[in-house]
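These are the structures, in structure tokens.
After this come two complexes, each holding subunit A, first together with subunit B and then together with subunit C.
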Partner chain A sequence: MIDLKEKLLSSFIAFENQTNIDSYVHEVRSEAIKQFESIGFPDKKLENWKYTSLKNLLNTDYTVLPEINNVLEFKNIKKYLIDDIDSYKVIFVDGKYCSHLSETTHEGMDICILSAALTQSKYELIIENYFNKIALKDGITSLNTAFSNEGVFIHIPKNKFVEKPIQIIHFSTGNESSLMFQPRNMIVVDENSQVQIIERHQSLSKNKVFTNSVTEIYADKKSIIDYYKIQNDNLQASLIDNTYVNQQRNSSFSMHTFSFGNELVRNNLNISQNDEFIETTIKGITIIGDNQHVDHNTLIQHNKPNCNSHQDYKGIYDNKSTGVFNGQIVVNKQAQKTNAFQSNNNILLSNKATINAKPQLEIYADDVKCSHGCTVGQLDKNALFYLKSRGIPEKEATALLMYGFANNILKSVKIPEIKTRITNIIANKLGVKIGFNL
Partner chain B sequence: MLKINNLHAQIEDKKILNGINLNIKAGEVHAIMGPNGSGKSTLASVIAGKEDYEITKGEMLFNDDSIDELSAEERAHKGIFMSFQYPIEIPGVTITNFIKTAINETRKARGEKDMPAGQMLKLLREKCSMLGIDRKFLSRSINDGFSGGEKKRNEIFQMAMLEPTLSILDETDSGLDIDALKIVASGVNKLKKKDNAVVIITHYQRLLDYIIPDYVHILFDGKIVKSGKKDLAVELEKRGYDWIKEEINN
Partner chain C sequence: MSKYTEDDLKKELETKQYEYGFYTDIESDTLPVGLNEEVVIAISKKKEEPSWMTDWRLDAFKIWKQMKEPNWANVKYKKPDFQKISYYSAPSNKPKYNSLDEVDPELLATFKKLGISVDEQKKLSGVAMDVVIDSVSVATTFKDTLNERGIIFCSINEAIKTHPELVKKYIGSIVPKTDNFYAALNSAVFSDGSFCYIPKGVKCPMELSTYFRINEAGTGQFERTLVVADKGSFVSYLEGCSAPSRDENQLHAAVVELIALDDAEIKYSTVQNWYPGDSKGNGGVYNFVTKRGLCEKNAKISWTQVETGSAVTWKYPSCILKGDNAVGEFYSIAVTNNFQQADTGTKMIHLGNNTKSTIISKGISAGKSQNSYRGLVHISPRANNARNFSQCDSLLIGNKCGAHTFPYIETKNKSAQVEHEATTSKIGEDQIFYCNQRGIETEKAIALIINGFSREVLNKLPMEFAVEAQKLLEISLEGSVG
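What follows is the complex of A and B.
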């Protein structure tokens, strides 16, 4: 079998032939493929990849430039949407934009697709200013950059409150073979604007899917961005999510990541606070079992004074599942009066489940408030007996305790329908029919 | 209702109950008293079905059926309730959510449908006002940050909502000031009916001034060494437990 890296390198020419080679992006891609060629995929020798092996994932013969034209109807995808709210929708099927399922706009803002932004001259300036400016040049991101062509393009101009949330969903159908996707999203929110985004990747077949996604987010002065990722894909799908955030003065960014599905998930969340009075909130709930693997690799860089960050990740691991929490916070010398809080709590339900937790605080300023706490435990037997003694069966009692352990993460979710959806997914995942919300 | 015959129980290798005999009928209030370490709380936990304890001899019959092999939730479905000496704090789970789940799981086990939401709400309000509980209390997490009095009142509130046939109150009076004690006691008295029974486990007799027992048993060294009426509790309060010990040793 041909090596995946070799296959990707040789597919690059075919990919580039379909695109415009005179553009700025062509140069970026050409640089990136060289970068990928020299670095390749990450392996466990790298400190940040010590606990996550891509070996099994890379050992598959993926179709790397899928040419599938499966048509999906609304009824096929309804259950993956949060359909009880009015929203913009940008839907992709097998890497291609699906217009009849989407609801985009160009009225006063751009909520559309990257392929359009990359080819139309009116977007030339914004692409040159923002495309691939904050994404790292590591192997996995460079691979995405080299093949970047399609994904979401969002540009919210100054003083705009986007009333409807934006739902981004990447479906894969992959009826014939294993598939690899490289979605690329670019989100630019200008001064004093506000937007909410929900992202999901969903495979609709039993075939193997490997998604390597890159999202660049620019939060200009006084902007507010709330981002929600629902990772509940089937067990044949794997996701590497690379999200880069650049925050400017007085901006506020929040990311909630809900990880319940997939064979393997790796979240590289990289946030840079580049001016004063910035708020950053990143939270996550992970509930996995079987042989699932979820890795949260986060970095918050405090570069300027008077900024805050709050980080809270909860994880519950059953069977042979493994979790990784690698939370790095860097407070640079200039970043006085920083408040940075990090918390990571884990419950292991089985003897064979593993969590590798590695909180890292690097503080170079002397007038800051930083704290971090990390716990690993089991369910409280006395609490379980308490619930059972009230007539709640073991399975439901366990579910209730697990929900109680994790649900403070939901408090900062601003869209009630997301909370409902997440609690339903949790109940489903835990195999109980009890409602958690009242 | 509950018949306990020659019950022996141990935790790991430590024998705690050494042949308990007890017969509780509907409509009765029993008090079980005894010095620290005599096995009172163990007896309550063993009846409620805590798995840490192993029954080595004897049996427990509830309405003529053995409950020895039943799980804690199955016993609850049959109508057995224990008010905990140290109620557990469970952050993140609201009292309403908890009670609603408990009631509907119990109904499910009995082959009944879920309680309609309207009826549930009405019941919650009714029981809150009966026990003088502010309704805001319902949206708080179970016992999380509660004072001692609030925790005990929450136990009685759950008892009121679940309407058990046998209620075991394990040291419900401990940690309560006199006002809280009166509220809890009056709640228990209001819930008393002809077809249910209450077992009060206590170290002191002061709760028994408010909930009058039909029988008082003294537990010592894992055995009931003396049974009597309400006046036995009064005597214990006056004389302490030492004379019982002497009586046994002679």
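What follows is the complex of A and C.
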């Protein structure tokens, strides 16, 4: 059997030959591949990977550099888009940019693709200033950095309110029997600007897909960024999502992660608050069953005084699924007057399901208000009885209660169409029809 | 290289003899530094142990040699050199001082604050005593009462000789030799400790305490405690002593095993106040302890601890809730000041149906110290209707210290109900102001607030202990308010 690490290392040379080796990024890539070579893939011995094993995932002989270009029609992908709103779209098919399905812009701002930004001289400065500056140097991120070429590049200049949300969708068509791809996104939002982004990965066949994605987000002063991740891929697809956020003074960042699909999902969300008066909200709903595995690994670093963070993750686990929540809050010495709140609630529906939670607080400053809560429990029997006594069948009643349980997360979603979408997905997941929208 | 001559051989033989010379040293009280099989055998021999025990120790030593020191805990310290430690030193009967005047005045001041009688002060600081006073006679009276009820309470060495069947059956059954680095080390070289057996249905009429035995055996560097509560029995056991122990031993690796058979209940309280090092962070004791209890059907184990001492603490009293309806409790106050580091918490392993566990942990950090709670709640797939409640509160005094919470929650059963809650805060300025306003000075006000903060845990301690522990908290935090 071929070793994936070896394969990636040898593919690197072929990959580098396709790209410009005089660029700044070339150095970064060479550095990163060395880093990956020495660290490799994470295993369960690492504290942060204690509950998630990549063993099964790495056993497959993936195609690392796909050759064939596949063309998709709009009708094939319509249902995966949130098409009832006007939006910018950046769409990739099998790791390649698909221009006829996308809607990008260079008017007053850049919403385009990274490969273009890497090769054009007018972006040289921004690339040198921001590219790979906040991404960690761990094995999995370094691997992505080494192969970084394609993905989304968004640069919103000062005082710009982006009126349409941006949808980023990665499709895989199943041309290859198993495919690994590594999108790399870079998002820079300058002072006083505002943007909404929706990200999704979707496999269109039953073939195996392994996505290792890295996104770097820079939120400058007074900027507002709302990010939504919809993870509802089929059960042959796995995703490791690494997102790094750097927040500046008075900025506000929110991330909503909806995990319903995939065989394995690992979300590494690292947020660093680097000045005062910053707001951070991260929330998630996870509803999974079968043999699915979803791991939320979050880190919020409070480095400066007077900042807030709010974390809320809810999970419902059925069949043989496994959920992991590893939420870490670090409050550094300088970060006085920090308010940090973390909550993680879980419901297990089956005796074969597992939840492993590790909510951690690391606090080095004294004038702070930090708390976390974590629960594992069941639906309220009295509430269920109440609903049943009013003629609502058990299945619907259960679903209603679960809705109620997860609803808190949806409240802060600012795009109503996403709410409807998620509500429909949840209803589908729970196998019921509820005649109203939440 | 020069030729190997007869003289060389002679020399070599001489040195060899010297190497093994420590066998003759057995008569004296301290073994040479370093650890090897011979030292383990020598310790066993000194204790006049039967061969099965010697083999048991050697086995543990073999296991230990293959293990590595753990370094996952949130503490930083210079790793001790295990070949530079003397693994056996019997409690010296010779008095260290001739009168109290020679004792460190700082130590005496602390004694005074704790309200310890002059005689006890002498005993604790190692001053010679003319007359054998109260506590020994008290101890004898206790022994009679215990014997009447068939309770065995003696040193573990004595138990190995007098009740080998009990020791053989239970030692290492809860904390196996292979458990961890320090448990293996302890199994190989433990010097002494306590053994306690409560027969079926007996309620132990008094609090058992190593404190009363201090004269008889003295506490060693590698203590081993084994408490067995037979069906339907009850025992409350106190360990340690609130008085500051100026123990110069750098490394302490104790193992405590509790076994609560059906319907039995064990209450185990600890007050730990080893030397924490000076205010600059020099010296101090490394305290690496493995404590674990097993609960059979309807049994209950309750751990209560007040940790104020040691430079580095690494301690996780745990409960294995094996039987149905078993109950595990953990109440802890950990105070760190200056450069102290504590990484402490508990493990609650739910295996039986309807098992319940409660965790209340209060961490107080001051100075430049680091205080971590690390706990595991594990609900196995077979444990139906398991219930856990955890609460970890941290209080920070000053902005140079740290408070951390690392809970692990692993649930594999849908009927489980697990709750974890943690908060971190500081003493409110308004609270202090309120006290000041009513004529309570700041230092006293802090003591008052700390006392309130740790009330839930202090309440779980036996009376006399609680009073001392309360004072101890005050003393530990003295001067931390600037």
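Just so it is clear, the second predicted complex is superposed on the first by the 434 of 438 C-alpha atoms of A that agree within 3 Å, B and C clash if a C-alpha of one lies under 4 Å from a C-alpha of the other, contacts with A are read in each partner's own complex, and residues count from 1 in each chain.
Just so we're on the same page, a residue touches a chain if its C-beta (ideal position, glycine included) is under 8 Å from a C-beta of that chain, and two chains touch if they have at least 3 such contacts.
This is a predicted model, so every value here is computed, not measured.
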Is the number of subunit A residues in contact higher for subunit B or for subunit C?
C
According to the stated criteria, A:D295 is in contact with first (subunit B), second (subunit C), both, or neither; which is it?
neither
Is A:K358 contacted by the first partner subunit B, the second partner subunit C, both or neither?
second
Look at A:K333 in the shared chain and tell me whether it touches subunit B only, subunit C only, both, or neither; answer first, second, both or neither.
second
May I ask you to decide whether A:L349 touches subunit B, subunit C, both, or neither, giving the answer as first, second, both or neither?
second
Just subunit B (first), just subunit C (second), both, or neither: which does A:G391 touch?
first
After superposition on the shared chain, which partner residues are touched by A:Q378: those of subunit B (first), subunit C (second), both, or neither?
second
What is the contact status of A:D366 with respect to subunit B (first) and subunit C (second): first, second, both, or neither?
second
Jot down the residues of subunit A that show up as touching in both complexes, subunit B in one and subunit C in the other.
none
Show me the residue ranges of subunit C that touch subunit A in the complex, using the header's touch definition.
72, 379, 381, 394, 396-426
Residue set of subunit B touching subunit A in the complex reads 48-51, 71-73, 75-77, 81-82, 84, 87-88, 90-94, 96-106, 109, 141, 158, 162
In their shared complex, subunit C is touched by residues of subunit A numbered 47, 333, 336, 346, 348-378
For the subunit A and subunit B complex, residues of the former touching the latter:
380, 382-383, 385-394, 396-397, 400-401, 403-408, 434-438
